[in-house]
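This report concerns only the one structure given below.
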Amino acid sequence: MLELFGTEVNLAPIWLTLEVATMTTLILLVVGTPLAWWMAQMRSSNKVLLEALVALPLVLPPTVLGFYLLIVFNPTGPVTEFLRWFGFEGQLTFSKTGLVIGSVFYSLPFAVQPLMHAFEAIPHRLLDAAATLRASFLDRFRTIVLPLSRRGILIAATLTFAHTVGEFGVVLMVGGNIPGETRMVSIDIFDHVESMEYTQAHLLSGMMLVFSLAVLMLVYGMNRRFGVKVG
Amino acid sequence: MLELFGTEVNLAPIWLTLEVATMTTLILLVVGTPLAWWMAQMRSSNKVLLEALVALPLVLPPTVLGFYLLIVFNPTGPVTEFLRWFGFEGQLTFSKTGLVIGSVFYSLPFAVQPLMHAFEAIPHRLLDAAATLRASFLDRFRTIVLPLSRRGILIAATLTFAHTVGEFGVVLMVGGNIPGETRMVSIDIFDHVESMEYTQAHLLSGMMLVFSLAVLMLVYGMNRRFGVKVG
Amino acid sequence: ESATIAVASNFTKTIEVIGQAFEKETGHQIRFSFGPTGKLYAQIKNGAPFDAFFGADERRPKKTIEDGLGVKQSYFVYAQGQIVLYSAKYPVDSQPIEVLRSADFKHLSIANPKTAPYGERAVAFLKKKGLYEHVKSRIVNGESIAHAFQYVATHNAPIGFVAMSQVVDPKSPVYQKGAYWVVPASDYAPINQGALVLKRGENNVAVQAFMNFMKTQKAITIMNRYGYKVD
Amino acid sequence: MKQSIQMQGNLQLELGHFKLDTGPFDFPLQGITVLFGRSGSGKSTLLRAIAGLDKRTNGALQVGGAVWQVGKSHVKTASRDIGFVFQDAALFPHMTVRENLLYGLKRLPKSVTPMDFDSLVDKVGIRDKLDRAVTYLSGGERQRVAIARALLMRPKLLCMDEPLSALDWQAKAEMLTLLENLIADYGIPVLYITHVPAEVERLADRVVFMSKGRIESVESLQEALNRVDSPLFDEQGAVSVIQAKMLSPEHGLTPVQLGQDTLWLSGPALSDKSAVRVRVLAKDVSLALSDPQALSIINHLEVTIVELIPQGSHRLLVRLRLRDGQNLFCEVTQHSADRLALKPGLVVFALIKSVAVTN
Amino acid sequence: MKQSIQMQGNLQLELGHFKLDTGPFDFPLQGITVLFGRSGSGKSTLLRAIAGLDKRTNGALQVGGAVWQVGKSHVKTASRDIGFVFQDAALFPHMTVRENLLYGLKRLPKSVTPMDFDSLVDKVGIRDKLDRAVTYLSGGERQRVAIARALLMRPKLLCMDEPLSALDWQAKAEMLTLLENLIADYGIPVLYITHVPAEVERLADRVVFMSKGRIESVESLQEALNRVDSPLFDEQGAVSVIQAKMLSPEHGLTPVQLGQDTLWLSGPALSDKSAVRVRVLAKDVSLALSDPQALSIINHLEVTIVELIPQGSHRLLVRLRLRDGQNLFCEVTQHSADRLALKPGLVVFALIKSVAVTN
């Protein structure tokens, strides 16, 4: 609890939000990178289908997406059953795991689109040069593709992070708003608005805005300063 | 009303959604284009601030953003007063105008980011060449910049459109869920879920998904077919 | 004549049925705007074009009177919600307290006690029975009573406190499935749902007619059918 | 040829670490003026400033009496009435060749009569490419289109920034001939950037030497080439460019007249002008004390040695005066000079294998 | 020099409308093998196929007994033990010069001893640039780094795709000398793409002629140059490349020995090898019936006329045999040939101004 302008602010949802946003961002970078690379290399018309599929989570209202995730993730449903096979013991809904999975789905296009564009812009000659210098595929990817895609990776990371921080519908639906476990800032602000505690709502919103502005500026600033021109 | 699989589907929210999404997309293209061009040309550190500011609508939960828009656009508030000066007579909130304004704010980053990247990629020589061929600034913009930014414009348009279709929090808050006036599909689906009319909810969601997938594929496909390589 | 009436989400289904009866009988046109009570209040405060307000509790409709937006003498309690304990898995109809005390359920779904009166009363009931500390850590909070119901309906929570209306509606997905126990009215303060005419609708004959219609036996029968008590 | 116009001014432009500061300049724009200087000396920057393509330009610029720049205020590029050909052609990739050509024409004010589209297209040799997408043109074809696009506007001044540097030697040779003919036909003054000495010698009427953002000097081609340390000399060594009058071909050779002497050029005359420019490398000239016989070298010109200029590593540059007073350089080894006892004032014979006409 | 290895195979690769189909080839890789052909003939495509850089390659390839390709299956580029220098250097823009150089070294298996870093860096002349970002290097510097980066790996074969074409003439001249010395020092066989004849004449031991995706022929440089219609001849006309033995300098000139004759080369010897290659343009050679005196031309070689080859526009190419049997081309006009009554079998004197050594 923090006392600010005479109002008590519960910090737990803030920490949770940062944690979930960070995890979502990391997972999307890890999962989105091979997907984006694969899509960047594609030439067939499947690419069109895949691009459209990746953009699809945008089209459903988050609450509705959340509702479907509830159905899919239910503890007697096939997805959970499948995971149990691999020794998974918990429940997907009402847990941090669920929040993260939901956010990953919802923010997928924001990660994949910039990554794909960054990968498409890498001159193939550099990869050829690295191959002649005995670098294997993964080695080339790590030492050439990733460093040269920094701008795209940063954009993907910031968009994903910001989007997860502001995410509401999906986490509300899937998370269960359990204080200290799945109550994120967005839900907290919403609850304050609902129960007419506008001061707390303003305070929390203000904090999120200032904090996010700072993070975004830091990231864009770094990007500009260390930006590598590839030509 | 449409009868589908023995269930009645009210089509009004669908038409409204398409109308609002189309208007939002058009407005954001018109407003976002000069903004994105200006940002693309910027070199100072203000660019960093601006990039962060543009990404900011992402950070607030949509309902909260909607809440603030509600306060700012309040019919006795300063913004409305200001517009009345210019002969504006209606109300910004609880109308189609409100839906569109809210969506414009919320989708701003999805329009500006791809446009800015497209503009940054245009070789300056081509603009110089056009200037020596007696083309004025606006002329160059229309005949060189816009055609060569087609890919970016398409991405901006599809992301904005998809995002507006799926938008829920802002339109619910600013629009007021008035049937026939501000009830969009996303809210309609939500209402169906709330009142346990799952069949209707599934039907509507399915329709939105199929329709959006078709639109997205069409757009990405066109983009690929007529894509102009600038080198 | 026509009117727009803001109605708490949980009452969506019921009031739509009443509205149809009303329109047939009087020829007036009523449009309903559904949403969480707190959100409706915020909208009314910011100039929403609503002629009357049907809340899910008494607090927020009364607040509109304080704010000078409601017509004081029009205020009345239109219905009382009833809480039921529902489960598809446990024999809550025969041994509700034993199940709550000793069953191995992982999650107990209730509506958010902070924003939804159903949740608040459920918590009060649990406290009264000395069960609250026992189940506290297993509670998941639906944002609304509808949301709390979705958790049990999708089997994500095996047991939950929901509204009577949600289990007795023949269209409910759990209709005649599982077991429910009506929490005795003596065990919790009545969930009075208050309604009033707003300043804007003060002289609207359709609103007056509808408010009167709500008090007729016809309307009361419908409300009873959907699980609401009317004194 | 049109009446010559004057270009005068003094331009400044700062780009990061680089500073263009020309100092005052004033030279006529008649014919072809070449901007010459090492890479990074600011040639492109100056040309862009002249064309008004950089808004940060400061200073003064007047062309043919019209004021284009005073301090920070300037006439817009679109109103300067110039054509510009960029090194990489800068064709609009989303248009066909024809659309590229018509782009400027459509924007020409009614008062200006454009060049005749058909005849220019034929001269430049792109008639059969008109409806092609520009993406698939070869480098040479791209430059043809770029040149035609600029010329169609009948500009008052044509600016060209290394228009040939991206081409291979065959394409380059074709383009040089084309350029010469076009410029001669249309009489439009040209500002031309290159760092290839052979292009300067072939095209230039006047050379603007640039170094480190300054205009070092503006010289006529003859002045520039008479300097033994001319920046125009490259790995081929010193060069003489001789003005001559073309006579009618004989024995498959083309004789040109230098005062009372005749110089035989091999190959057909590419140009139909009577005044030509002959480029002779100093290392292609040999000296003989008397007029030698039974030699396959055709050109034996009587010359007077003006001076002997040591060049390092035992080589000498010999400045010779032709009988009509023109300058001719010859490179010999110290060893040969000693053997033949060369010294200023001596009258000797310059032997030149038949050479190709340059202009 | 290392033992020569053989390259044999038959490669196919389809790229859109272009089809590489070499036909069977088999040639030794000793020294420098140049791939020569017009733009678009498939040189780069072939070199990339040889390096394993295009997965769509099909066919057979064996180098020094090791199988690199059989049908569609192939050894990965990373395991082929080749170095590759690209036209635009392809330096990694996010690394310093040193990091670029070490990139390959770090990935070298223990069994291979790399070149000595310090001595190579000195030879290539980039010691003072080691900690610079590569973005700010000049074109020549970039190529030096690229070459050093490839050589450090001590590859079995060095592939170079137009490594000098982006450079200006000064940088090009420096790089040619550097390349020659490096290749001679380290004895690594080289596959080299160029379409500049002067580079071929200077560097090649062997020329692979390509046209429309096919290997037309593989010839030694001598064979390639003895053809009067050699594709190697450009706008400068025919060229002879003469093998000679270097003697010690005298009078600031460098004499080289051709059998019993001596040819005087101007300028210092750039290479310290005794066997050199002298490049003589046919148009730099004149003929005299008797040995002329009092002439600044130093080299008077007694030669026999082998044949007279009409070249069009009244010019003749004369094939001469030097007294040691080597071939020398001379270009004269029909007019001179008539005047001197040149005919096969006649013994005449070839006059060559002192010329620069080429190799």
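As written, the chains take the letters A, B, C, D and E, and residue 1 is the first residue of each chain.
Keep in mind that, in the parts below, contacts are C-beta pairs under 8 Å (C-beta built on N, C-alpha and C of every residue); 3 or more make two chains touch, one makes a residue touch a chain.
Not measured: the values here are computed from a predicted model.
The minimum number of touch steps separating chain A from chain D is 2. Taken together, chain B and chain C share the touching chains A.
Chain A and chain C, compared by their mean Cα positions, are separated by 35 Å. For this pair, chain C with chain D, the centres built from the Cα atoms lie 90 Å apart.
Chain A and chain B have CA centres that are 21 Å apart.
Contact with two or more other chains is made by residues 39, 42, 147, 150 of chain C.
Listed for chain E are no residues, as none touches two or more other chains. The set of chain A residues that touch two or more partner chains comprises 67, 187, 190, 193. A list of each chain pair in contact follows: A-B, A-C, A-E, B-C, B-D, D-E. Residues of chain E touching chain A in their complex: 48, 51-53, 76-79, 82-84, 86, 88, 90-94, 103-104, 107-108, 135, 149-150, 153, 159. By the touch rule above, chain B contacts chain C in their complex via residues 63, 67, 70-71, 73-76, 91, 93-94, 172-173, 176-180, 183, 191, 193-198. Of all the residues in chain C, the ones that touch chain A in their complex are 36-39, 41-42, 60, 63, 106-107, 109, 112, 114-115, 139-143, 147, 150-151, 154-157.
The touching residues of chain E, when paired with chain D in their complex, are 39, 168-170, 173, 195, 234-235, 251-253, 264, 266-268, 283-284, 286-290, 292, 294-298, 313-315, 330, 332-337, 340, 342, 351, 353-354. Against chain B, in their complex, chain A makes its touches with residues 45, 47-49, 51-53, 55-56, 58-64, 67-68, 109, 113, 117, 155, 158-159, 162-163, 165-169, 186-187, 189-190, 193, 201, 205, 208-209, 212-213, 216-217, 220-221, 224.
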